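Remarks on the structure that follows.
Order of writing sets the chain letters: A, B, C and D. Residues in each chain are counted from 1.
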Amino acid sequence: MLETTLCGITLKNPVIAASGTFGFGAEYSQFFDVGRLGGICSKGLTLHPREGNPGLRVWETPAGMMNSVGLQNPGIPVFLERELPRMRTLGTAIIANVGGDDLEDYVEGVQLLSNAEGIDIIELNISCPNVREGGMAFGIKCDAAASVVAAVRPVCAKPLMVKLSPNAEDIVAMAIACERAGADAVSLVNSFKALAIDIHTRKPVFDNVTAGLSGPCIKPIALRMVWEVASAVHIPVVGIGGIATWQDALEFIMAGATAVQVGSATFVKPTVMLDIVDGLERYCADEHLTSIATVCSILGTETPLP
Amino acid sequence: MLETTLCGITLKNPVIAASGTFGFGAEYSQFFDVGRLGGICSKGLTLHPREGNPGLRVWETPAGMMNSVGLQNPGIPVFLERELPRMRTLGTAIIANVGGDDLEDYVEGVQLLSNAEGIDIIELNISCPNVREGGMAFGIKCDAAASVVAAVRPVCAKPLMVKLSPNAEDIVAMAIACERAGADAVSLVNSFKALAIDIHTRKPVFDNVTAGLSGPCIKPIALRMVWEVASAVHIPVVGIGGIATWQDALEFIMAGATAVQVGSATFVKPTVMLDIVDGLERYCADEHLTSIATVCSILGTETPLP
Amino acid sequence: MTNLSPAYIEGATVLSQERLTEDVYRLTVATTTGGAPGQFYMVRAWEREPLLARPLSVHSVDEDTVSFLYQVRGRGTELLARLDEGGKVALTGPLGHGFHTEELCGRIAIVTGGIGIAPMFCLARTLPAGDVTVIAGFKSTPYAVAQFVDLGVDVRVATEDGCDGTRGFCTAIFDPHIYDMVVTCGPMSMMARVAHLCAEAGVPCQASLEAHMACGVGACLVCSCATVLGNQRVCADGPVFDAAEVVWHA
Amino acid sequence: MTNLSPAYIEGATVLSQERLTEDVYRLTVATTTGGAPGQFYMVRAWEREPLLARPLSVHSVDEDTVSFLYQVRGRGTELLARLDEGGKVALTGPLGHGFHTEELCGRIAIVTGGIGIAPMFCLARTLPAGDVTVIAGFKSTPYAVAQFVDLGVDVRVATEDGCDGTRGFCTAIFDPHIYDMVVTCGPMSMMARVAHLCAEAGVPCQASLEAHMACGVGACLVCSCATVLGNQRVCADGPVFDAAEVVWHA
């Protein structure tokens, strides 16, 4: 009932671990069979290894959290050699999330990943709010986004999913631009650019000043964006943002998401994604749905009132 | 210590009741002396009376709430006749918040308000997310915003504060455009466009589909926007969004806000604004500040790290 | 009865919490703020979450206490039900315009559905017992009816599952023609039916409406209901309205 | 000692909550998941808010229980302190790499600041009492030291206000030269000082680091600390590190 096809890849169910919140999958295998998930997005990868941001990296907010990890990762070559083989044993779809500072890095990175066996989908992160120059800019302006998608498209033999930023000037136009430039799917949203100030030191909490906000607090906005984007593009949409229960996941699916990603909620309860899978399964059974896809986009794209 | 000057108007303190959450001030006079506030923004006014939106108008979210009031108000002439005289007895600065569907309504509305005695500041709401056609559009595109500001400026003899939408494509550019078009101050943010779905009925919770998100959940994003805007304009900035404690208010002030507005938090505790005033006062005393303005913009406009 | 003006009380003490049925409780709180029949309080028994307080009618009142009769519906009422004696609640109230008791004379029917019975006990106490009939509908096991019997009030019960009284809706056992005045509280669809029956019979009817609320004091306009006079605020213009003036949707 | 692998336990029962000082508590929970000295649990005693669980070291452990010694610092620990016997907590753990007990031989100094003493009791229990000296610093009134004395361990106390033991910081009464091995836990600045003293004296030192955490299991990289090997995850690569490999900022 939950089997889902995303860009031609069959997922056991539409529940995917969001990038940066699930490592490379091994850590959470200690708690549950991660093979029961629809898929796992890797930690954001860059061509070269990165140490990430200095200073404090996490801060809590009402019903949310801010992070400033800054794409710390071992680099794509090390990922391919050391992490991917282990990920492939986990028994679920593997989505490689790739970030970058400039076009060349993106292209070279995607090329390496595209040639690797065992990666099912490449998720192009054009939206990390925690990296200065680069990254973010691609996520804000449509033409910048289109240019990076167009640049990686020719070297990407695998399904290409573009991860959008909620900080985009116009997320609908952004999604359409990515679709036109060759994206096979879009996923949204990444974290929101946000600020916290330590009133005692009179300084920003984060060295990088702003950081990315995620968690339940962002859900209503993320859901609106997913609905708007799903109403405007013809490629599949993967919904992300504050999903913590199967009801949340279902809202995103009804708004038009083919699948969903769960991030911060896993920190609250390591096994939350299994609860979501089980809840969606029960829902399908209770409602006599042969497939969860039946309720995908059921909200429609038309606004009921004039 | 808390006395604050905003566009030449002296406020007792920088704590103002946000539009739409405090009626015309009379309701909360039952609970405390609203004359202790820095100011009160009226419910959003339009030239003609409006019945507002049908259907459910409020929905809770994690650390927040969505509303779809849709500018229900008695119209500016009735406001001037019936509400303003009573507001003037409250002993605090009066800020008339004005919305509209088209340029003509804005201009005529502002003109009426501008001629009225007892109104200290006019807050131009170009950002209400709950009104179809009009309103919102002005809040999203810079040139639309600039055009409405430029249109009302000549008829507005009072200080003109423009209330910005967090849904703006580029809130910094928007603020600059409003400043250039003649705004004396900007206030931000209004509520975020958001969506909630009733999974049982498979329909949006709100007849209008989307509604405005406010409350503590939005604070980190609102604070970031206030800091960015305050770093870019030369006119005063009034900070709004999820402020519920004096520490929250102080963060906005440190980020560059001359004053703050408190909305949803008043629903949680009717007297919360007095707590905020008292807290800021204690803070000034404890830190030996002669004026709260000392810490305004203390965060600086430069980002500490490269 | 005069509507009282409200106060905000931060830490009112819970005097008792009684469980009446599976999901219905009576909570008594120490406060001298009182309330007229039909007025309500915004009640909060938690710190941060959910964000908003919950409106609950004054069920019973004396000089030092106010009681609420409530049904667990969601998160807020669930947290209320966890309160024990000595626990603290924040109260804003009494709020709103209650029943127009000065108009209540002759034979009076009180027609309620489910937890809509909550505001009626303090109302019935102010009326001559012999003139009053309570017609109360429940899904299943009735609750809070014995106290009306104790007042000497005639009580008739309907239950949807037939476990007590007449099987079916309370509107089936309500004949408006034999009353001079009707007051009603319950689900909107049931009140719409009562209002309709009363209108047909030409009997005046006061209805206590439901609406989701934020401020509870008339400042935010999220609780509006359509009336022939335009949108009214359930919290401040009501919650009790002349049923003939309400635009019923059901 | 072997680090144990973790589990997620939804509703572990509180067996006891003891208040040791104004703001220090010992919480004992029923769980068979155990833990090696220096390992920790992510602990949660609330439903939604704050969002994240809080890391607490294993203070004491046996087959059926784990105890935590904690200080109230903010919202999370405040909510923990409200737990009563019979209350429920959610636990994820035991997590991380604890002390390298196999390296702990000869004369051992355990140098702690404040609540940094928490993980040391279960460590001391595994060591030959006669070889161990605890050098514990506190702001004011010491806590949790008697239990070391009961083990036969030599305990020296320093307090900043001089109310007990030597006035000043614990580092003032710590001479690394007379020990073969040092373990430390406390505020980062204090551990940096201990690490420095040990490095100068050429004595190996293990430090249990602090960091704000989200996942606690190594998946999110928010808890990183700079080491000579690059950034390491405090939760999964530590919390115990060779002090010589840590890049101390203070």
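Please note the rule applied: a contact is a pair of C-beta atoms (placed from the backbone, for glycine too) under 8 Å apart; a residue touches a chain by one contact, two chains touch by 3 or more.
Note that the structure is predicted; figures quoted are calculated from it, not measured.
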Third chains touching both subunit D and subunit A: none
Farthest chain relative to subunit C (centres taken as mean CA coordinates): D
Mean-CA-position distance for subunit C and subunit A (Å): 47
Whole-Å separation of chain centres (CA-atom averages), subunit A against subunit B: 33
Distance from subunit C to subunit B - Cα centre to Cα centre, in angstrom: 36
Multi-chain contact sites of subunit D, meaning residues that touch two or more partners: 48-49
Subunit A residues counted as touching two or more neighbouring chains: 54, 62-64, 215-216
Chain contact topology (line, ring, star, complete or other): ring
Chain-to-chain touches, reported pairwise for every pair that qualifies: A-B, A-D, B-C, C-D
Contacting residues of subunit B [partner subunit C, same complex]: 20-23, 27-28, 30-31, 43, 51-52, 54, 56-60, 62-65, 67, 69, 72, 215-216, 264, 266-271
Footprint of subunit C on subunit D - complex, ascending: 48-49
Contact set on subunit D toward subunit A in their complex: 5-8, 44, 48-53, 90, 92, 212-224, 226, 230-231, 236
Subunit A contact footprint on subunit B (complex, rising order): 54, 61-64, 66, 132, 169-170, 192-197, 199, 202-204, 207-210, 213, 215-221, 223-224, 227, 242, 247, 250-251, 254-255, 295, 298-299, 303-306
